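Next, two complexes with chain A in common: one pairs it with chain B, the other with chain C.
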Partner chain A sequence: MEEARIGIYVCWCGSNIAKMVDVEAVAEEMGKLPNVVVAKNYKYMCSDPGQDLIVSDIKEHKLNRVVVAACSPRMHEMTFRKALENAGINPYLFEMANIREHVSWVHTDRDKATKKSKSLITAAINRVLYHDPLDKRSVDIDPATLVLGGGIAGLAAALEIAGSGKQVYLIERSGALGGYAAEIDLLAPYMNSAAQVLDPLIEQVQNHKNIEIFLESKVTDISGYVGNFDAKIEKKGKEVEKKIGNIVVATGLKNFDPAVIDRYGYGKLPNVVTAMEFEKMLKIGKVETKTGKLPKNVAIIHCVGSRNPDYHEYCSRICCMNALKFANQARSILPEANIFDLYTDMRAFAKGCEELYTQTSRKDVLFLKFEKGDLPTVKKAAAGDDCDMVIDMHEALSGEDIEVPADMVILMTGTEAHDDAKDVAHLVGVSMCGNDFFIEKHPKLDPVATTTDGVYIVGNCVSPKDIPDSVSQAKAAAARILASISQGSVEVEVTTAEVNEDICCGCQTCIKVCPYTAIGYDEEKNVSIVNEALCKGCGTCGSACPTGAIRSKHFTDVQILSQIEGLMSLEV
Partner chain B sequence: MSQRVDPNLMKELESYGVKKKDWNACFHCGNCTAVCPLTEQGSMFPRKGIRSMQMGLKDKLAAGVEPWLCYYCGDCSDTCPRDANPGEMMMALRRWLTSVYDWTGLSGKLYRSKPLHLAVVSFLFFAVLAVFFIFAKIPLLSDPANVQLNSFAPVHVIELADHIMLAVLSFFLLSNMLNMFIKVVIKDKSVKIPIHLYFKEVWLAIWNFFTQWSFRKCEGKLYWFAHLFLMLSYMAMFSLIVLFLGWFQTDTIHPITHPQRWIGYIITAGLIFGSLYFMIGRARKKDRKFKFSHHSDWIWLFLLFMIAITGILIHIFRINGMAHLTYYTYALHLAFEVPMVVTFVAFSKWSHLVYRPLAIFFANLKKSTLALQKNR
Partner chain C sequence: MSFEPTIVSFLCNWCSYTGADLAGTSRIKYASNVRIIRVMCSGRIEPTFVIKAFTEGADGVLICGCHPGDCHYHEGNYKCLRRYHLLQKYIQQLGIEKDRLRLEWISASEGKQFAELIDDMTETVRGLGPSKVKEVMTTYT
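Coming up: the complex of A and B.
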């Protein structure tokens, strides 16, 4: 092995690190360690001049290993690997020491923080000494795409991909396309007809030569990896198999069932209806009570099932604007009625929404605020009262206990995950959060990808959102998929596991623990084999292997042990 | 006991000068209350009152004195981010409260209907002229230079009419005040005011009545001065003509140094200055507090101004010996004065003369009671 020539770079991260760590002293001391050729500190290592510093040092000092002490590797490991690549050395000959999240942000003693930084960097130096150069790998991409869910997000994704001449298989478990949007009368905030938006979309999808629609169908099994998935689709009892390269999950959410909230009387009081039931009334143009009378008092209650620790803590995002939409529609249909809007907070964040609120507030709608923990109660009015129901509430803006007369109560039900969301997650290999929403690869920077390459999540199955957001995500996923198809192949993880067949005893422990089903078994040789395209390099198999036959590339025993040794070498 | 929400109160309040636009606009940021120099812990306004209006909490509104604590400087309306004119809503609430206190219902009718208000005022105006036309004898026609006002309108007759009017109106005004007391104090079960506090706080109420002292916290000292000067002048005039007419209405012309002359001049100056100040303000509409005018505001100012003008003319004609003109103007003077007193003092705008100090009195009583309870 050639002699290691290491470059150390200590980042200030502006004042983020420098205020708690003596970065100059750290760099100076690290510079004295064996094999370290240069040790520098710089205000922002991730900036272009910061990266240029590494590139020019590699060339000038003939460095063959680099350690950057900065933020979390989740943030900038890729940035610096790229810099190494630009300088002409293998990107895996790099290690990062996290002295921001693990040091400066969490400690208050500057001396101790400085010492801890030194330890972490020493560990990184020890580790990087044993890094091997790893080569990139790529796999071919099958140009067909599987779209799960025929709601507006699924339709938008399917159309976008098919429009580029690529095959799409669109799977919908119900008998019709359109999802919940098909049951809606008008769309907030511009009050345009949902049918006028949705029908052309459905028609285009139905008539597209590149889209094969599977109604009343479900996917029973997906195997393979990015670019090369095999999907088993069950359509009315018959099973078809399709080869696909990418998957779009657009399975959406379902409406919250308000019957579990006793105080709203849903299911017991006939004129308490859900948002969807009111939509139906609007769609058929008949807003009336169960006894066929025009309601004189209409009350709309927000946050039903949302923003409440007893039901769901999250905000369902669509209900506030739908409520205002209902208030507007009710006002047009019932010009003389009293309209009450019982809300906790009016969330009008999207384009055109604040305007809808302002416009609605001019229409003699009485907005009554209740506190999140103090929900209103709907009850039958006393005999002889001139209204059907009475809502008791503590009104927060006046501080008064009041009763609101009502002949119709509309519950703005939130959304929640489908009961079988877990099955879908398991099928495509994505994780779920506590609310059973699918988890993005990165909530801010990679919101439609997942940790499973080739699987994209869009629309409401990720979190509640309105149509523009759902469609944006669908089209973003489509763009990602089309980009990978046009590349023809895709780079896959190289820090995978590998089996030393000489040592493997064939116990198959690794197969049981692998979360990505990436390990198979060779009956003939009696050894485990790793499918590198599926392997994520998580290392679970390596730690479970009783004989040490499985080695995780980039996480070898010697790398980790010497890292620990380095960590312990300094007194803290 | 929870109160029933009733948005239909809006329809009623609209006729008292609340604008639907303003009613809808307020979204309760509380800026108005924050900038108000008079609001304080325990009596918060205007936001809370606006909320009660929006929700149609009639009983709560009727029991509240907050609108009377406001002198309408207009700061709240100036700073309202939704342009909801909170100051004007308070003004309209005062009109509505006046009608709530008035058990006869006449007040509400006058406020709600401009034609009716004008009709009643006109009727009284012409009725007074008719009475003079029928009963008054123009004395010594042969000697117009010798003005004998007391022969034309003998003091004892006018005084008797004054006293009858005083008795009738006092009855109505006092019963309305009692009504207010019942609504604000008796029905409020949350505070039980000890009797001795009434005697303690009454002095402050009287002081406030004569100085409008709390008004001085508001912006605009000229506004306070015009308002106070007008009120004191009218009060003085009212006392003179009702209680001391014999001293005030004489046929002898006193020298200019005589109190009868200069007191009369000061009163007239107050009426002219006050009514002109408010009329010009309301006509220009530049100042927030004068931007919106109800018909009661205009009729009231017009009558006040005409009372002052005819008063001046009577005086000029009298000291210059112009007998006929003096008599006719005197009749006109009374024709303006009677509708003013009859419609406004007990049933409309002038009644705030008593409701406002009474409200301050009640508010202070409640405040002191709570302070006592706290200390105990």
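Coming up: the complex of A and C.
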């Protein structure tokens, strides 16, 4: 092995790291370690000048190893690997020490944080000494795409991809396309007909020669990797297999069941309805109570199941504007009725929404505010009352306890993840957050990609959102996929396992533990063989191998053991 | 000065390391005694790594993986769990207290839980005092 010449770069991250870690002292001390040729600190290593610093040092000082101490490798490992590549050295001869997320942002003692940074960097230096150059593997991209979910997001993604001549397989578990949008009468804030928006979209999808639709179907298995997935689709008991290169997950959300909130009386009081049930009344043009009368008092309650630690802490985003939409529609149908809108905060953030709020407030709708922790209670009215129900509430703006008459109560139910979101997550290999929404690769900079290459998440399965946002995400994912298809191939991780045939004893333990059946057995040589295309680099075979014959590339025993030595070389 | 333990922690890339990153982005403060090593999957954590950490002087070793059923590689965390139970028996026979080695599940959204875990384990190990493994090893070998 040629002599190691390491460059160390300690990032300030503005003041994010420098405030809590003495970056200058760290760089100076690290510079004294064996094999370290240059040790520098710089304001923003990820910036262009920061990366240029690495590139020019590699050339000038003939560096063959680089360590950057900065943020999480999940953030910028790729950035710096690229810089190494630009300088003409193998990108895997690089290691990051996470001194921001794991040090400066979580500790309060500058001395301790500085010491900890030194030990993490020493560990990184020890590790990088044993890094091997790895060749990137390029795989062809199958131009077909699998879209999971036939709601508006799935439809938009499918059309966009199919429109550029690529094959799409669209999977919908129900018997019809359109998702929730198909059950909606008008769309807030412009009150245009949902059917006029949706129907042409469905028609285009149905008639598109590049889109194959699978209704009443589900995907039972997905194997492979970016560019080369195999999907098993079950359609009415029959199984079909399709080869695809990319996957769009647009599985949406379901509505919150308000029966669990006892005080709203849903399921007990006949005229308490959910938003979707009221929508159905609007769609058939018949807004009336269970006894067939026109309601004289209509009350709309916001935040049902949302923004409440007992149910869901998040805001479901779409309900406030739907509530205003209902108030407007109720006003047109029932010109004489009293309309009450019981809200906690009015969230009118999107285009045209604040205007809808202003318009609605001019239509004789009484807005009543309740506090988040002080929910109204719906009860049956007394025998002599001139209404079916009475809502007890503390009106926050007047500070008074009031009774609101109601003949119909509309609960603005929030949205939540499907019960089987976890199954979908496992199927495609994406992570979920605490609310069972799927997690983006980066919430701000890469919001439709996931940590599994080739798998994109769009629409409400990521978080509650309205139609424009869902469609934007769908089209963003489509653009990403089309870009990868037009590239034709993609570089994939090469951190797979490999077998040293000389010391493999043929015990086949690795074959038993591999979750991807990526290891086969060569009967003639009596050794295990790794199929690199199937191996995902989890490394569990490496831990099980009794002879050390299997190596997990980039996570080898010697790399991790020397990293441990480095960590422990300095006192806490 | 009170005893400051060193805890070496092995975190899987997909859940636990991300959870630890979330503790950072959420600016949740916790004890600075932990030193984190990233592996792709908790199934990669070899018993050798744990023993190495103890022999190098770690006072505690913490292994974190995805919650059961959430493993990015389907079942690596179950393999980790099985090895953990064997390893617990082994370290206890070597005279290492069982509380010095811990396995916990931390998801990508559990930054707060990760911070609490580190504080909790730091206090437990501080109570146990310094590990004697390194000292014994250097004296008798």
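Everything below uses one rule, namely that the second predicted complex is superposed on the first by the 520 of 572 C-alpha atoms of A that agree within 3 Å, B and C clash if a C-alpha of one lies under 4 Å from a C-alpha of the other, contacts with A are read in each partner's own complex, and residues count from 1 in each chain.
By definition in this document, a contact is a pair of C-beta atoms (placed from the backbone, for glycine too) under 8 Å apart; a residue touches a chain by one contact, two chains touch by 3 or more.
All of these numbers come straight from a predicted model, not from anything done at the bench.
Enquirer: Examine A:Asn338 and indicate which partner it touches, taking first as chain B and second as chain C; both and neither are also allowed.
Expert: first
Enquirer: Is A:Ser398 contacted by the first partner chain B, the second partner chain C, both or neither?
Expert: It touches chain B, and chain C stays clear.
Enquirer: Taking the superposition on A as described, I'd like to know which of chain B and chain C A:Leu368 touches: first, second, both or neither.
Expert: It touches chain B, and chain C stays clear.
Enquirer: Contacts for A:Ile564 in the overlay, against chain B (first) and chain C (second): which applies, first, second, both or neither?
Expert: In the superposition, A:Ile564 touches chain C alone.
Enquirer: Just chain B (first), just chain C (second), both, or neither: which does A:Lys444 touch?
Expert: Neither: A:Lys444 stays clear of chain B and chain C.
Enquirer: Contact-wise, after the overlay, does A:Lys238 reach chain B, chain C, both or neither (first, second, both, neither)?
Expert: neither
Enquirer: Classify the contacts of A:His107 with the two partner chains as first (chain B alone), second (chain C alone), both, or neither.
Expert: second
Enquirer: Going by the contact rule stated at the top, is it chain B or chain C that touches a larger number of residues on chain A?
Expert: Counted on chain A, the partner with more touching residues turns out to be C.
Enquirer: Can you list the residues on chain A that touch chain C in the complex?
Expert: 72-74, 98, 100-103, 105-109, 112-113, 116, 119-120, 123, 422, 426, 429, 431-434, 439, 451, 495, 513, 515-516, 536-540, 542-544, 552, 555, 557, 560-561, 563-565, 567-568, 571-572
Enquirer: Please give the residue numbers of chain C that touch chain A in the complex, ascending.
Expert: Listed in rising order, the residues of chain C that touch chain A are 4-6, 8, 13-15, 17-18, 20-21, 23-25, 27-30, 32-33, 35-41, 43-49, 52-53, 56-58, 69-70, 72-76, 79, 83, 107-110, 115.
Enquirer: For a test of understanding, state which residues of chain B touch chain A in their complex under the given definition.
Expert: 1-5, 7-8, 10, 20-21, 24-25, 27-28, 48, 51-52, 54-55, 57, 60
Enquirer: Looking at the complex, which residues from chain A come into contact with chain B?
Expert: 338, 340, 361-364, 366-368, 392, 395, 397-398, 400-405
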